[in-house]
Structures are given as C-alpha cells and as structure tokens.
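Next up: the structures, one after another.
The two complexes that follow have chain A in common; it is paired with chain B in the first and with chain C in the second.
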Partner chain A sequence: MSLLSFTDVNIWYTRRGEQPSQAVAGVSLAVEPGELVTIVGESGSGKSTLIRSAIGLLPVNSRIGGEIRLDNASVAGWSHNRFARYRGTYVGFIPQDPGVALNPVKPIGRQLEDALRNRLRGGRLLPFGNGAHRQHIRREAFRFLELAGLPAPEAIYAKYPHELSGGMKQRVLIAIALSGEPKLLIADEPTSALDVTVQKQILDHLDVLREELGIGILLVTHDLGVALDRADRIVVMRHGRVVEEGTSSEILHGARDGYTRRLLEAAPGLHTGRLTPRSIDLSSLKLARVAAGEHERGTSEHAIEVTDVSKTFTTRRGGVEHSVKAADEVSFKVKSGATHALVGESGAGKSTIARIVAGLTAADSGEVRLLGQAERWSRKRLSRSLQFVYQNPYSSLDPRFSVADLVTEPIRVHRGDIGRRDRHEIALELLDGVQLPHKYAKHRAGELSGGQAQRVAIARALSLNPEIVILDEAVSALDVSVQAEILQLLADLQAAYSLTYLFITHDLGVVKLFADAVSVLRAGSVVESGDTASVLGNPQEEYTKLLIDSVPGSHLTV
Partner chain B sequence: MTIRLDQPSAADPPSTASGADPTLDAATPSAPPRRRFGVFHPIVTQPGLAVAVLVVLLAVAFCVIPAAFTWMNPYVPDTSAILAGPSATQPFGTDRLGRDVYTRTVYGAVITLTATLLAVSIAFFIGTALGLVAGFVRGIVDLVLMRVVDVLLSVPGLLLTMVIVSALGYGTTNVAIAVGISSVANFARVMRAEVLKVTQADFVEAAASIGTHRVAILLRHVLPNSMSSVLALIPLQFGSSILAIAALGFLGFGAPPPQPEWGLLVAEGRDVLAIAPWISLFPGAVILSVVLASNRISRALQPVRGL
Partner chain C sequence: MLTYALLKLGRALIVVWGAFTASFILLYLMPASPIELLFPPNERASIDPQAFKEMERAYGFDRPTWEQYLDRLLAGLHGDFGTSVGTGKPVIEAIGEALPNTVILAAAALVLASLFALSVAWVATYLESAWLRNLISSVPPLLVSFPSFLLGLIIIKIFSFQLGWFPPISGDGLRGLVLPAAALAIPVSGPIAQLLLRNFQTEYSSPYVLTSYSKGLRKGQVLNTEVLRNASLPALTQGGIIVGELLAGAVITETIFSRAGIGRLTEEAVRAQDVPVVQGIVMLVAVCFVTVNFIVDVSYPLVDPRLKAIPKGVTA
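Moving on to the complex of A and B:
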C-alpha cells in the first residue's frame, strides 16, 4: 500500500476573466514506505503545485481533477479540518525557503512545540496543559531538534530564527516536519537556498532518517545531480507532464526522453572537460564596433592583477561595532583572454572582491591593476574596458526601458553624437550577437524569461567592446538547461571578442565546465588557487576537498 | 564539449503567465469555460470602479462645460420659487433666493474642482521635487527637508490651511494654495521612500558604473521608477483636497457668497436645514460621491505589491 498516490491528476488555476491555465496534466505517481522519490523539473513545470495538492495547500483558485490518495483515502473535496488531521501526523512538509518559513517573532522552541502539541493533545481531557505535560513536550522538542541534526538543542530552543544560519533554519523546519512522527515527508526544494556543503549534510541526514524511521520521502528539486545521487526513483516533469520516470541508473544511462537527455547534458556537475567555444561571425557587428570606438585594447599579459586587497565591513548595532572581514589580503592574477573563477560559499567575500575589481566598492588597502595600468581610471574610462554582469537581470535592468534602449544605454552615455535610429540598428546587431530574436527589442525586461533577460544583460555589457567582463553569479539563478546555453554563449563570445572573464560562482560544476583558473575563497581569504584542472582534480586543501565532495552528482559519470 | 543551441529557448520557461503550452490544453479535458464580456469585461468584473470613473468624469464635465448640463443661471434670483422642494424641473430644489440648487452645484464644480486641481498640482510638484531631492542627495539636505516635512505633518491639516489662508488673505485661489502647501508633506514622504528604494536597485548602480551623470540617473532611472506610488496618491489627495476646500468654503474662508462654491452651498442651507434640508443635502451628497469615487480610483491605481 502506497503512502501517497496520484492517479491521472490534472490541476488548473482559474483567474477571473481568463482562461484557466493548466499547471499539472495527467500525472500518476506513488510513494511507498521507505522510498525516496524525487520530482525533477525546471521552474514552471508544475512540481510544487503537484505536491501541494496532496496536502491541501493549493490556493482557492485551483481546480483538481483525477484522484489523489493519502493514507488510502481519496482527498477529493476534503475540508481544511480534515486535511489538518493528516498534516503533521501523517505527512510532514518541509517548505522551500527557510528564510521566510519560520515566524520571526517566536523562539524556535515555541514553534516546534506548537507542532508537537498538535500531536500530543490527542486523548486529553482538558484543552490546556499542566506542568508534567509541558515538561514532556519540552523533552520531545529537544529530541526532535537532535533528530534533525542540530547539536545542543537546549541552546537552539530559546533562539529566534534570525539568530540561526540558513542551514540551521532548514534543520529546524525538518525537526518541525518530523515532530508529528509522519510516515511520509514532502520536501519542496529543501536545500536549494543553501551552500553545497550544508546541502550535503542535510540530504545525508534525510537519508539516515529514511533508513532509521522507514518513512517515505517525496523530494522536489530542480537539481538533477541531487536526484541522481539520492533517489530510488526519479520523475522528470515538464510543462505539467511526467516526461520520464525511472531509477537513477536508468535515467543516467538510458534516458529515452529528449528533454531528460537535455537536462543530463546541461547538468554541469556531471561533466568533465571544458566547454569548447564555437566561432561566431562578428562581421555583422560592424556598426556596433564603430560606435564603441577604436580605443586601444590592452595588450598586457595579465588583464587583472589583484595584490593584497583587504576590505572590512563595520556595522554598528546598539553601540556595539561588528566588523566582518570580507577580503583579507587577497591576491590573484588573471591572464588576458582567460576565465578566472572565484569560488566559495556564501559569506566568502567573492562578490566583495568582484565589486572592488569593478570599482564599485573601494578597498581598504591593496592594489588592483587592470590591463597593466597602474593609474586610477574615471568611471567612464573604466567602463570602456570593464563591464559587470549582475546575478539578477530583472533588478539590474531598468524595468521601464525597452530591450533596445537597455543594450545601447552605455553607447548613449559614451557617444552623445549617435542618433536614436542608429542606436536601434546597433541594438539589433547586439541582440544578434547574443542570439536573441529581434522581436524582443521592443519588450521590457520584465516580459522576458530569466535566460533571455540575462542575454540582454550580456549584450549590454558587450556594447562598449570591453576587454574584461565580471560575471557575478551571472548564471546561478537560471534553470540548468538555460544556464548551459548561457555558459556556451559566454564561451563563444569570449573567443570572438577575446574577453577576459572574472567569474564569481558558488557552483564548482560550473567552474569545471567554464574556467581556466580558479581561486577558492573562504571567509575572505584565498584557500587555494591555480589551474582549474589541478585544483579540482588534485586539491591540496581540506576545504577544497570538502567542497568538491559536496557537489551533487559529482561521483556519477554519464 | 559544446552545448547545442539549435533549439535555443525551448527550455526557457514560458514568459507569459498563462503557463502551459497550447497543445497541452487541446489534448486533455479542460476546465469549464467561462462567459466573457468583451469590451465590457472590466465594467462587469469591477462595477464599483466603473461607477467611480463615471462619477469623476461627470464632475469633470460639470467643470468644463457647465452650460451643457443646465440652462438656468446660477446667480439670478427667482422670487416665484423660494425654498421650493425637489421637483422634476428643479431636481435639487431651490434656495432662499429662488436659485436652482442643481444649477448652482454644476457651476460650483467649476470653482471647487479648479481650486482642487491647483491645490493638488502644487502639492504634487513641490512634494515630489522635495522627496526626490531628499531621497537622492541624502545627507544634510535630506535631514533639513524631512524635518520641514515633519513640521508640516505635525500640525493638523485643516488648522495649517486656515493659518496659511489667514496669512495670504481670503479667496478661492489662496485657499487652493493653502491646501496644496499643507499636503506637500504627503507627497514628499511617499516620494522619498520610493526614491530610497529605487536607488538601492542594481540598475541604478549599473547606470552609474558606465559613467552616467548623476542628474541623468535621477531623471532617467530614478524618477520614472519611483512615480507609480506617487501617481496613486494623486486621486486620493484630490478627494481630500475637495473636502478641505469645501470645508474652508463652508467656514467662509473661500469664495465670497454669491459664488456657488460647494462648501458655501452647504453653508447656505445651514440656517434652514429644518424646513429646506435639500439646500445642504444635495450639494453635500455630490461632494461625498466625488470624494468616494476618487478614493476608489486611487485604490485601483495602487501598484500591485508582490505576495
């Protein structure tokens, strides 16, 4: 008997005055006790909608067709109260974002006890507790915090969510999900917001729980690496449909569906070897070249030389100064025309260093030498040679500008003599360069998909024909298949424009695919630096080894 | 290795909200279809808003072409019909000089709404400029401007306008200026908050990093992106300005008596409220409905915040 089964489930969202849109179409799926089933899919594939339907968490404007069976009873038409009896005690739910899923004004222990009280209330005569009962609940709370892998539960118990790190908050959410002693855990991207090392710990822990308690787990993820590493069965979803279902090895070696193969191909962690650039014909970019002006391109050996750069951020809270060393005597050199990756977990100071190189933040001490030039450049001169691409294209592109205006804005600022019509021509050329159809020239950034918007940001960065482009987590927010396309595009452009990339990322898989050299950062200082192949293939430092080991899917080969 | 780009955006999530691809709807049973209303759709789904827009349009029409809505003269007394109740020919009745209250209300719109427009324009332009400068320049300028705004906010609005009118002298224009100045603070506050938010955005930094001049950043990036909340404030301020101007007219600070200003119309019926309530009630109801309508429009204009 399966814990949870979907049979031919269809889900629509209705909106006033619009055609209902179908989010899930004809999905059948079952989770058995002790089994880990993962649903893999990119954004918009309906995976979250599907699992939320099983516990009655869909918004009121949804319509469900087909049969969903929970504990062998069909949930169709269940009231909130009826669902409430199953939530927690039969199904535990781990939400996606640990940052917003906990009540910020309540201590952790109290939130966990709320969940516990729900289960332990059963069979009691009085609606309130007594001392012994409270003691019992508190002991249980400690037990579940420990079970979720949090050391020293007594200390955590009294803390507020903002005092904990993301990984600890995620563990608290797991503790709450486990507190009802459920037979089934549903986890919606439980580790997507976390660093790889923390992700590995949490996934390891879920594995242990599954073995010890024999619960079934339904895990939703966008990361095929995670799924291949952990799951008994993998369900690949796209546009609301199941396109493929099978065990890890079946998916890995015998994927039948084209989309699954594309996903496998795109998953950076599964690859060895670097992306090879394909040649792009740049002759069509004549106008843009002319507009950018024939400024002298640097010919020095190293495009970027960073020497002993330090930066400390100081914040004052309640009269007490807190200082964080974001960069501590960081040094590295980037060869002209090469890609240098800065890798590290959150808080390692990679973005700070990138911003110092780009001149967006001033360093406390140390020197940054660009293209062999020692003198400080003005903003205008600097932007000729160096451009910055942000992580989130939607926030780095003005939402009120059209795509054509966005990509030519640097030219407008630098060359006042180029008219509106010429700029439009240049914009179309630049869009050609990043392989974005001309029809998008009139759209606004908000109307584009993430991948398209990031293409616009890249086109804009290239409009002035710079030597150096800094990519600050430029592909991290994208779906894997889109990410792979953008990386390939960047590799192509690098060869065509002879660009130097400073590539900031937390994803070692991407580094392997894309970078010539890499510096591993931790807490503001460089742990290890060198050739990508030698650093990743033969790491010298413990921390680098740990990072490499944590990349999901890294031990698998296609 | 290379990654094929021959099917470039096939895996891009669809950019439209309707999500699922069209073939999918055709192949599977679709949810029950809904009735549609074509161009009348917004009216059917939001009838309150439609009525509000209609009321405001009517009031504006009163203001622009009053003669099209009545053939009577708002100033000429008619001794044959003093304090006559509402009837088919005189829907709002007549006042104690026999003038048609409906006609006076229509012509009153010219005075009241023009004054309101002036007041809101003053508040909007001065307030937005102050907020923009304070939010963008920051530092000591911000500190000084915002303390001035705090002072304006700390005095009750009507009291402040009465003080300003007393200083400037009576009259509709002066009332409008006074009401405008007293609501500068609202616009300045909202604008500053929006500007602070927008200047944090990456695209402002991106514009600065390519060497854009500060003024150009302000006008091209910050101003357009911070206007939406301020624009939603305009109809709201419009409603409260009508109220403030009518209140001052009622108290006798505004237009002198023969003029049919709305507040004055209500005041004229004050003494005879027991025997001829229509003189005060109908202009009052008109004021009420225009204010309500503009508030409703303001709510519809508010930028939709994310979840």
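Moving on to the complex of A and C:
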C-alpha cells in the first residue's frame, strides 16, 4: 500500500472577480515506503501546491479535485483540525525557507517540544504537565535534535532562531518533522537556501534516515542535479502537469520530453565548457554619446587589482566584543574584459570584498586599484565606471518606476545634459541590448517575471557604459533555464561592450560556465586562485575539492 | 543595553521639562492675571488694589517672569505645583485625591478594551467562513468612528434609566464602575482591535504557521501558542497613545457619569481657569506618557529577542 497517492488531482486558486487559475492539472503520483521521489520543476510549475495539498496546508482560496489518499484515508479538502492527527505523526513536513519557517520569538527547544507534546499526550490522564513528563519530553527533544545532525542539542535548546545559521535552522526543522516519527516526509526545497556543502550534508542525512527508518520521502526541488543524484524516481512538472516520470538514469539518458531535455541542458552542474558569446547587433548611437561625452575608457591591463585588503567587523553584545574577519589579506587581479569569480559559502567574505571594490565599504588596510589608477575615486566617478547587479531584482528595482525610467535613472542623475527624449531612446537601445521587447518600457518592475526584472537590472547597470560590472549572486535567484539565458546574455554583453565582470557566486557549476578565473574564499581569506579550468579541473586545496564534490550532479555524465 | 536605557531616560526627562516650560508659558503668561479670575466677572472692576497686590504677593505673581519660572520649576521638581486658586488646596493633594479613582477606571477600561480587541482579532482569524469573518472585522472601524460622549449617554439611557441595572451616577464599588469602564473601553478598544486584527492576519500567513500546523497542532493551538505573541508585540508600541486616549476619554466619561477623578478635576479646573491645577494635570499627563513610552522602549528588547542584535545599515 502506498504511503501517499494522488489520483488525477486538480487544484485551482480562486480569487474574487477572476477566473479560477489552475495550478495543478490531472496529476497522479504515489510514494511507497522507503522510496525517495523527487518532483522537479521551475517556479510556477505547481510542485509546491501539489505537495502542500497532501498535508492540508494550501491557502483557503484553493479548490481541490481528484483524490489524495494518506494512509488509505481520502484527505482532500479536510479542515486543519481534522488533519491535525495525521500531521506530524503520519506525515512530516520540511518547509521551504528555513530563515522564516521558525517562530522568531520562541526558543528552539520549545518549538520542538510543541510537536513532541502533541504526540506524547496520548495515554496520560492529567491535562497539565508534571516534572517527570517534562523531563521525558526534554530528553526526546535532545534525541531528535541529535538525530537531525545537530551535535550539541543542549546548547541549541535555549537559543532563538535568529541566533542559528541557515543550515542549523534547517536541521531544527528536520528535527521537528521527524519528532512525530512519521512514515512519510514531505520536503519542499529543503536545501535551496543553503550552501552546497551544507546541502550535501542534509541530503546525505535524509538518505540515511530513509535507509534506517524506512520512511518514504517526497522531495521537491528546482535543481535537477539534486534529483538525479538522489532520487529513486523523478517526476518532472511543468505548468501543473507531469511531463515526464522515470528513474534517474532513464531521465538522464533517455529523456523523451523536450522540456526535460531543456532542463538537462540548462543545469549548470552538468556542463563542462565555457559559454561562447554570440554577437549582438548594437546600433547604439545615443549610448555611445553617453560614453564619449565624459571619460575615456581605461586601457590598463588589469581592470581590478586588489592587494592585501583586510576588513574586520566588530560588534558588541552583552558588553563582550566579537570580531569577524570578513577579509584577511585578500589579493587578486582581474584582466580587463575578463570574468573573475569569487566563490565561497555564506560568510566567506565575498560580498564584503565586492563592496570594498565598489567603494561602498572602506577597507581597514590594503589597496584597491581600478583601471590602473591608484587614487581614491569620488562616488560619482566610481559609479560611472563601476556598476552593481544584485541577487534579487525585485528588491533592487523601485516598484513605482517604469522600466524606461529605471533603466535610465543613472543617466538622469549623472548627465543633466541628456534630455528626456534622448533618455527614452537610450532606454529602448538598452532594452534591445538585454533582449527585452520595447513594449516593456512602460511596465513597472512588479509586473515583470524574475528573468525579465534581472534583465532590467542589467540594462540599468550598463546605462552609463561602465567598464566594470559587479554581479553579486546575479543569477542565483533565477530558475535554471532563465539562469542559462541570463548567463548567455551576460556573456554576449561582455563581448559587445568589453566589460569586466567581478562575479560573486556560491554556485561552482555556474563558475565553470561563465568565469575565466576564479578565487575560492573561505572565512575571509583566499584559499585558491587561478584560471577556472585549472582550479576546478585540478584543485590543490582540500576545501576546493570539498566544494566541487558537493555540487549536485557533478558526478554524472550526460 | 544600559546606554540605551539611559539615553531613553534622558530623552524622557527632556520631554517632561519641555511640557513644564510650555505649560508655564501658556498658562502663567496669559494676559489675564490668575488672581482676577478668583472674583466673579462683575466684581473684578471693584477689587481693592491693595488687597490685589497682597494676593499677588502671596501667590508669587508679582516677581519677574524668569524668577517665577525658576521657582516653580524647582518647586515642581519636589512635586509642588502651588495651591489651587479655587479651593486653596495644594495641587498635588487635589490630584492625589482624584488619581486613584481614575487609575481604577482606566485600568478596568484597559483590561476590557484589550480583552475585547483580542477576542475580535482571534475570532476573526479563527473563523473559516469569509462573510462571518468580514462581519467581525467590520466591528472595530465602527467603534473608532463612534463619538464617546454619545456612547456614554446611550449607555446611561439604556442600562440605567430603562433597564435600571446600574446606577447612572457612578458611586464607589464595582456596580458603579461597570458603565463608565465600558463607555471608556469601547472607543479605546477600536484602534487596538484594528491593529491586532491586521497583525493576526499577517502573522497567520507567515511561513512559521505552516511549520506549526505540520507538527499536528490544531488551529486554536496555533493561534494561541504561535500567532498570539508575535501579533500582540507591535501593539505594545501603541502603549503611549492608548494612555493618552484613556486620559482624554476619562474627562468625558467622568463628567457624564459624575464620577470623581482626574477627568472631572481637569474639566472643573479648565472651566474655572484654575491655572496651578491645570499645570499640575498637564505635568501628570506628560509624566504618564513618558513613563509608559520609556517602559515600552526598554522592555521591548526583552520580549522580542531579535532586537538584542541590531543590524547595521546598508552602507558603512
């Protein structure tokens, strides 16, 4: 008997005054004991909606058709209170973003005990707790924190969520999900917000739990590499439908569906070669004027030279000073027109170094030379030669501005001599450059998809015709196929505008595709540096090897 | 943390001092001498100048303005705001007599208002039926827009004169407290309920609620153990405003129900232009305001653990 089965499930979201929108269409799927099934798909494919329906956590405006069976009970459309006795004890749920999935004002131990108390209440006569029972619950809490791979449960017990790292929070959530000793675990992108090495540990741990406890796991991910590495069975979803289903090797070697093949092509972990730029037609007359009017483009060999840069952050908490070395004698050089990647896990100091290069943070010591010039540049001068593209396009674009205004805002600030009509023409040229149709010029940032918004952010960065663009995790928040398009676009633009990229990322797969040289950072210092092929192909340091090894799908060959 | 508390305390003291100075300027430097106001208007022309001077000296109104100011500030620091021009009682004594009544009334009203606001927010979030939820959510705006003097009169009319359940004139004891406390609580609870309602809804849609449900908690448990605390924390910051509303409401409520208290004292002092009493009350209100805000500011990091770690800005 299956732990969970979907039979011809349809799910709609209703909104007043609008046609219901269908998020899941005719999906049938089953999970057996001890089996790991992954659902792969991009954002909007309905994968999260589908699995949430199995634990009754859909928003109130959803309508379910078809049959969802848990433990042989048809659970579609149950209320929260009716569902309560299945949740935790029969089906455990690991939510998406560990950063927000824990109650911020409650200590970890109590959040775990809420779950335990619910299960251990049975068989007791008194409704209130006594000492022995409390002790029992606390021991159980320690046991599950340990089971989830947290080595010192006593220390974590009294901590608040904001005092833990993302990986630890995810483990706490796993402990909560396991605490009811469920037969089935449903995990919604459990590792997407985590560093690759942590992701590997957590997925390994889930594997161990599956083997030891024999539970079934339904894992949702957008990362085909993760699915191919781990799953017994892969289900590929798109637009609410299952487009392909099979074992890892069936999907890897014999994908029948065009969309699956495209996903395979887009997965950066499965690639080896570097992207080759395609030429783009730039009749950028106006844009050239922006550049010509002001400063000459640098001709030095190295666009960025960072020498022995150090930066220490100190914070005071409870009268005790903590200091964190965000950069420790960091040095690297970036050739003009090349892409240099800074790779490392969160807390490695990548962003601090980028901010020092961009002049947003002052270094404690060391020197940053841009375009061969040693003197410190003014804010204004800096922003003409150096621009930023951030991770989240929605939060870095003002939602009240039209796309045309967003793209030309730097020109409006820096070049009073360029009139409104010229600015509009430049905006259209820039949209051509980032391959967005002109009709989007009038749209607002909130109306764009993630990939479109990131194109706008890139166009804005290019509007002053800078030499250097810092890409701070610029493609990390995008779906794989969109990510591939944006990377290609960046490569094209680099060739067309002769740009130098400082590319900050945690994703080694992307580095392979995109960067000429790479510096691997750990805890503020450079572990290894060199050209991409030699660092990734023949790593000298243990840490680099560990990072490469953790990239999902890196062992597979197409 | 200590520096933070001291900083807040310093600011609080400056606010109190500012209130004293402003009230001094507004009240004592009025063109009309407070002494004249002791006499009925038709007798003012015939006051014996000699007696007038003596009275001025007795009250200290004859000296230079800055000297009066410093004197009164120094006295005010000791809690001495002079004597009431109307009754001859020391101001501090008059306030001291009226204060307990008002504190009881305000406390009862605050408890009622908070309970009511919490239940509205809780029930509106708990209910699954959309139209019932909307119906309950529409109660707080109705209360906000209802003038409290009208409400007081309606309450008296129904519960005292028609049903005869409670006395129309609020005496001592619990029975006399019920009507004025309710009349004061209803307008105060409106804004609190609106705030809580919104907070409950935002918190209920946060991701950690999904986590709690996945533990197997029932909806009521989720609301009580997870949502309640997160949703009511922001209401704490409204503490100062609520105290202000309670005191302002007390003036009307105590007048309508003929109940002794700060509200009545204020009303009488303003009507009689009893300047020292008015200033004493202004200072009392300022101190209440500042104390409540100080307590809220200092205790907030204790109830919300996240605030102990204050993040840095975007640019250094």
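Methods note: the second predicted complex is superposed on the first by the 539 of 558 C-alpha atoms of A that agree within 3 Å, B and C clash if a C-alpha of one lies under 4 Å from a C-alpha of the other, contacts with A are read in each partner's own complex, and residues count from 1 in each chain.
Please note the rule applied: a residue touches a chain if its C-beta (ideal position, glycine included) is under 8 Å from a C-beta of that chain, and two chains touch if they have at least 3 such contacts.
Note that the coordinates shown come from a computational prediction; the quantities given were computed from them, not determined experimentally.
By the touch criterion defined above, A:Arg256 reaches neither chain B nor chain C. After overlaying the two complexes on the shared chain, residue contacts for A:Leu360 are found with chain B and with chain C alike.
In the superposed pair of complexes, A:Arg278 makes contact with chain B only, with no contact to chain C. Contact with chain C, but none with chain B, is seen for A:Asp97 once the two complexes are overlaid on the shared chain. In the superposition on chain A, contact of A:Lys442 is made with neither chain B nor chain C. Look at A:Lys380: by the touch rule set out above, it reaches chain B but stays clear of chain C. In the overlay built on the shared chain, the residue A:Gly44 is in contact with chain B alone; chain C does not reach it.
A count of residues in chain A touched by chain B and by chain C gives the higher number to B. Touched by chain B in one complex and by chain C in the other are residues 360 of chain A. The residues of chain A lying in touch with chain C in their complex are 55-57, 60, 79-81, 83-89, 92-93, 95-97, 100-106, 111, 114-115, 118-119, 160, 162, 173, 176-177, 179-180, 315, 317-318, 355, 360-362. Residues of chain B that touch chain A in their complex: 1-3, 5, 8-9, 11-15, 17-21, 24-25, 27-31, 33-34, 36, 41, 45, 201-203, 205-212, 216, 220-221, 224-225.
Looking at the complex, you find that chain C touches chain A at residues 1, 128, 206-208, 210-219, 222, 225-226, 229-230, 233, 303-306, 308-309, 315-316.
Across the complex, chain A meets chain B through its residues 10, 12-14, 16-23, 25-26, 42-44, 63, 65, 239-241, 259, 262, 265-266, 271, 273, 275-278, 358-360, 378-380, 382-383, 387-388, 390, 392, 395-400, 409-410, 413-414, 435, 447-452, 464, 479, 481-482, 484-485, 487-489.
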